[in-house]
Amino acid sequence: MIPRYSREKMAAIWAPESKFRIWFEIEAHACDAQAELGVIPKEAAKAVWERGAFEVERIDAIEAEVKHDVIAFLTNLAEHVGPEARFVHQGMTSSDVLDTCLAVQLVRAADILIEDVDQLLAAIERRAFEYKDTPTVGRSHGIHAEPVTFGLKLAGYHAEFQRARERLLIARKEIATCAISGAVGTFANIDPRVEEHVAKALGLEPEPVSTQVIPRDRHAMFFAVLGVVASSVERLATEIRHLQRTEVREAEEFFSEKQKGSSAMPHKRNPVLTENLTGLARLVRMTVVPAMENVALWHERDISHSSVERMIGPDATVTLDFALARLTGVVEKLIVYPENMQANLDKLGGLIHSQRVMLALTQKGVSREDAYRLVQRNAMPVWLEGKDFRALLGADKEVTAALSPAELDALFDLGYHTKHVDTVFRRVFGRA
Amino acid sequence: MIPRYSREKMAAIWAPESKFRIWFEIEAHACDAQAELGVIPKEAAKAVWERGAFEVERIDAIEAEVKHDVIAFLTNLAEHVGPEARFVHQGMTSSDVLDTCLAVQLVRAADILIEDVDQLLAAIERRAFEYKDTPTVGRSHGIHAEPVTFGLKLAGYHAEFQRARERLLIARKEIATCAISGAVGTFANIDPRVEEHVAKALGLEPEPVSTQVIPRDRHAMFFAVLGVVASSVERLATEIRHLQRTEVREAEEFFSEKQKGSSAMPHKRNPVLTENLTGLARLVRMTVVPAMENVALWHERDISHSSVERMIGPDATVTLDFALARLTGVVEKLIVYPENMQANLDKLGGLIHSQRVMLALTQKGVSREDAYRLVQRNAMPVWLEGKDFRALLGADKEVTAALSPAELDALFDLGYHTKHVDTVFRRVFGRA
Amino acid sequence: MIPRYSREKMAAIWAPESKFRIWFEIEAHACDAQAELGVIPKEAAKAVWERGAFEVERIDAIEAEVKHDVIAFLTNLAEHVGPEARFVHQGMTSSDVLDTCLAVQLVRAADILIEDVDQLLAAIERRAFEYKDTPTVGRSHGIHAEPVTFGLKLAGYHAEFQRARERLLIARKEIATCAISGAVGTFANIDPRVEEHVAKALGLEPEPVSTQVIPRDRHAMFFAVLGVVASSVERLATEIRHLQRTEVREAEEFFSEKQKGSSAMPHKRNPVLTENLTGLARLVRMTVVPAMENVALWHERDISHSSVERMIGPDATVTLDFALARLTGVVEKLIVYPENMQANLDKLGGLIHSQRVMLALTQKGVSREDAYRLVQRNAMPVWLEGKDFRALLGADKEVTAALSPAELDALFDLGYHTKHVDTVFRRVFGRA
Amino acid sequence: MIPRYSREKMAAIWAPESKFRIWFEIEAHACDAQAELGVIPKEAAKAVWERGAFEVERIDAIEAEVKHDVIAFLTNLAEHVGPEARFVHQGMTSSDVLDTCLAVQLVRAADILIEDVDQLLAAIERRAFEYKDTPTVGRSHGIHAEPVTFGLKLAGYHAEFQRARERLLIARKEIATCAISGAVGTFANIDPRVEEHVAKALGLEPEPVSTQVIPRDRHAMFFAVLGVVASSVERLATEIRHLQRTEVREAEEFFSEKQKGSSAMPHKRNPVLTENLTGLARLVRMTVVPAMENVALWHERDISHSSVERMIGPDATVTLDFALARLTGVVEKLIVYPENMQANLDKLGGLIHSQRVMLALTQKGVSREDAYRLVQRNAMPVWLEGKDFRALLGADKEVTAALSPAELDALFDLGYHTKHVDTVFRRVFGRA
């Protein structure tokens, strides 16, 4: 997590202030439950809520001495709460606080990421309808294939980010659990009802069975989902990078009037945002394997996962949040060049209609093999000598024996390819 | 995928025979739909089902010539179907067949993996109840912490594999889609209703919007889930490896009478199965990142994903299937040594009760800080000089000032720690 | 390792036949040394060499019974050698044979990979000199930057694969060690001189200190190098994929006359080989992390690494061998289109000379800031309105105030950019 | 990179101050060369060195405006240098500065890491000689195998970190190159001799052929090496974690008198440092794959690598530096318990001598198969019933028929296993 690729709201989740505030709430809610159960006095619970406070610097100072963050926090808290502080944290273990706090942080992070995706979806939808009927060439292998529309391309990304949204909901649910179960998860010194109360108060589910910690397969799943979502970011970013290539130039990242694409070359307009997104995707993705390596903790827990999570918790969520927001901006302001799309469609003298010509020949009784051969022999000179496909076909007697000039012309109709755009739009957006 | 780590049923999914059979079904179902729509004669569809057949060797021979697997298959199919074969595959593209086939294969693989997990869950549940009340030491950091029961340990793994099951269901749903949408996903030459028909016939959903291919974020998610499940396998395997260590020896993989643990050292009994599972987990996990790298295909598709999937599709599913089955066998036949568990519990003269002694002291009015100090000063000689914790406490005047011998004795009761085992069992198994 | 992406020579290294042959040689050489030391009779060593033989099927049959591959091998060997066989393997442990064999296999694999790189280097060098002076546009961010030559591009790849070669030599050296040190590496039952003898006979170095196994940091380094080399394969493959894009078309994979680019679209010519190489690179790269996870074996060894190596040993070497050979073929037969390179260079009316115009203006006393502004304001209409850069400059009074038409023309000279090609060639190839 | 796991010296390399200082030196050295070549006035070069200065805050302020870090730096520099500043950076491109700076930073990082390893080697060597002859059990699969010495264990780690050192030297050499070659690496606007001069001044080699950037296979190799070294850290850390397990307790991380192992359990002494190292290893290792994904930049460069390197450059080097230093501290202060080692050796009644007994039996004419069977049948009751191995052997008539009591006793001699410790020490340390 570096400021350059951070947004405030997500970064704030990981600030010490937020963390200690969550710790406080966990302890205070636990006191409520303990008081309700008669384990501690009700006044104690009340005192915690009323007088409870902390200062990050003070906690740091204490920690420097006692070398234990939770103890440092509790000490500072006690300075505010007074003697009733001795009822705080009773029967709990540090991990009860740490793991439940991490759950709250990851839930909040997930909520922001879901909002991010919602905004991205809105942007893609708007642009998709804007270019719903704008013809552009579909490419496989980077080579012209057949016509699509630019809106159709965007519809595909919309569907992908709808899936991203669902996955984030699943990821959120995976890590939304609370453990207040003591040193080895037996509730030896604390009633399970305390866990239930704290869970409910924080919008979490009680972890059915914890050891000293919440099991890390949950976190592995969470980061795995982030890695998949980042890969989807990369796909759309890569599409735009391709569209902006000098020779293609069908779309372009917004370029402000005062912007400088290169210090040395004043003519440059570079897709730097989407290139950056490609790199950010790698950064999110790299957190997946360590999160999986964290699962096999020894026995009831070892602490090897902790340093990993201190790093990848903020890194993956902050980076993905930044990436989603940046991508939304790119989509919203994307400059689209329908005329260049048309020019590219026209580039090969109609080669993109080769399949349709072949099918038409077969419908006229030419065998599939012969039809393929006929079309291919007229297609290759377009590539190799820059000839016009339609013209070549018109001059090929075997072709014209089967297809009249008018029939041939009709085969070069773009509308043929876009007739089901509405169907697809209805599938994706529920409307067309 | 190597035979050593393969089971027949899962490997069969990836055999050429299975693949071509699925291809046949896709084509035949598509013919049904085309016939229903009046695009091809009904007799043609009927002929495909009735006379359709293929031979793997023949397809291989044709492919060696035409260098295209789908064309080779169709040619061989035509040899059986006869002239009506010209209506097969009409308006479809190779990827329609390939991607839908992969979906069917991954769905079947998921079904086997879910069955595997079910069997593992059954084995864990049986052993968990068997040792529900068997005391054993809970460890954090590899160091004795507090008592748990062996059944409680197993309950934790049961809960984890319940989650694995749910994740596999999600993974299954992710990839259970069908695309019959033509060269760039526009349905230019084939009606969307064909896709709907084939999807239904094969137990899949129509892909809302495909390009030339089914989008690869779905597959990335699938392999990510496999990676998480493999990590859970590793966790249980690691637990058993630890329990079998010579000095711990609380449990042991089954060792048959004729088995040789080592060619050189006749005394050896090694946890080789669970060590092997640790390695297999790495193999499944390594497929996650390439599956994510596959997502950002160029434009409407490039074929970089194909070689990756040819390898990781079989590798990850076959290896995980093998691992789950092996783990089930290990759990079923695990030799458990309750007496060694008890001996280990007793090893440190009751040090595992240190927290409870500390809490008792605080309840008697000793400040938390002093209580900690008192307990720690009696605990350290146990480590360093092998003394007995209970005896030391009994000889510490500050301790005995607060706690009577009887009170002290009561604090060394294992039952105190296991009183909520039923609660946890009910959470995990729905019964206790 | 799947046949589709395998070459015979590399695959043969991993065949059971090869493995057992190496095992035999290790045992036989060890017998020589033991005989020399007087530990076993000289006739025994001689008998092993003279009568030693094995049959893969027989070994498999024995292994099915005894469940131990080394014992099965020794049993089969004994069937041929006779009573002297009891002197074979004395004081050794299975890992002595297995690990030394793996070293021999990886060394041989490295040798093939080095040969592969040599052939690739030769191909790149030939094509680099062929197109040493062929102007083409250099691109950053996929956007035209300034002119280079196609030979210069290739020189860069040559330098990269020279580094790949050096890295493979390092990798080879890393794993070229022999361990014959017994059950825990103490030489308790075998003299260190046996290890030295076997090492020398097999072209290996003695492992300075082994445990039961050769330490796995060596193997981790080996696979890491393969991952880097695969990434270099990906870079060149990606370059070619880009050059073949329909709109760019500066180079193209060889396309045979009878080839079919697509079953559906007869006009297609796709860069399928380089796309495939991109996928293969992912497959090689995915082996790096598990190889690193293999390093931290427990104590003197656990067997978790074994399953991993059974898979990634063949997979990574066979796949990389195949990829390097395929890439060599692609480079050798690459179709290059200098005229398209020139057309692309000309595409933007000389925009690629923007830096030079800016520098010229500053040399005429215009401030850097003003020069940038002047050039940029004439560059942007080229992008946005398709105007001619040279013409716009000629019509801009602030520009013509500083630069005469002749001076401007001189700035559009490609030769200016290629004057140091010889320097670079000499650096890379030692000749120009 | 988070402060918790950072050391000052390494973190300083990545501070803005350091970066800009390196930028300054690159520019100033380039001016020297340009002046020498007569391209710019000698006074200008002199002025840069004499008056050159910068302020981080000022650069940040300018960058906020111009959105370009190199331009911001040059502007701030010009404010100090005055009019001669217009000669700075002439003919260079931003990447010339950025990439050469990164090379300098990584070289410095490598130097620190090499120092770290040297200190670790010294610590291991000291402890290895301290415990050179201390018997301890060697374990395979976590199960007692045969005796080794604790010094021998440490010698193995020493050899591994010697290799780590060599690898770091190779990594250092890989990235120690300088590129001053202009926008697309053609030296169009700058003489190659400038690059040579700057390289030499900074202790780098000229990059034989750069594009706009230094090729990223170099960086991939660098991070791959860091990943391997981190994996070696993990191996030693894992060893110590195992040795400290309650039931094993052969060694222990230093535990200060005031330390608290757990807030809840006053008796705890946990190997938290080595557990932490296990986590840190994962963090270093996760940077390897993205560094490899960075290699295949598009054409002469895209900027996807930049965000990745901004993160992993500091993260991997700072984390590994911290880990190596922490590991050195752990080794230096490791508490070793020779008496526990002996107790563990004795635990199984001499089972660790099973191989030797078997070999002795074969030397007495018992067939290998029978010897194995005899030893195994006496070994298994030790495991299963806790019997004494030596006693069982003495009571087995088939055994005593071949071996006298005195012969049997002699086989239980630890010295037999340690007789080659000196040999190994000489191999590793050059002395014994």
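Going by the order they are written in, the chains are A, B, C and D; count residues from 1 in each one.
Here is the rule we use: a residue touches a chain if its C-beta (ideal position, glycine included) is under 8 Å from a C-beta of that chain, and two chains touch if they have at least 3 such contacts.
Given the structure is predicted, the values throughout are model-derived calculations rather than measurements.
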Joint neighbours (chain C and chain D) are A, B
Selected pair, greater C-beta contact count between A-D and A-B: A-B
Please compute the C-alpha centroid of chain A, do the same for chain D, then give the distance between them in whole Å. 33
Distance-wise, how many Å sit between the C-alpha centres of chain A and chain B, to the nearest whole number? 24
Please list all residues of chain B that touch 2 or more other chains. 139-142, 145-146, 182-183, 241-242, 260, 262, 264-265, 270, 272, 275, 278, 285, 289, 293, 298, 302-303, 355
Going by the contact rule at the top, pick out the chain D residues touching chain C in the complex. 86, 91, 138-142, 145-148, 152, 155-156, 159-160, 163-164, 167, 170, 174, 182-189, 192, 206, 208-212, 215, 217-218, 220-221, 224-225, 227-228, 230-232, 234-235, 237-239, 242, 278, 281, 285, 288-289, 292-293, 295-303, 355-356, 359, 362, 367-368, 416-421, 423-424, 427-428
Write out the stretch or stretches of chain C touching chain B in their complex. 2, 4-5, 66-68, 70-71, 92-94, 182-183, 241, 259-260, 262-265, 270, 272, 275-276, 278-280, 282-283, 285-287, 289-290, 293-294, 298, 302-308, 310-312, 315
Can you name the residues of chain B that touch chain D in the complex? 137, 139-146, 241-242, 244-248, 260-262, 264-272, 275, 289, 293, 344, 347-348, 351-352, 354-355, 358, 372, 375-376, 379-380, 382-383, 389
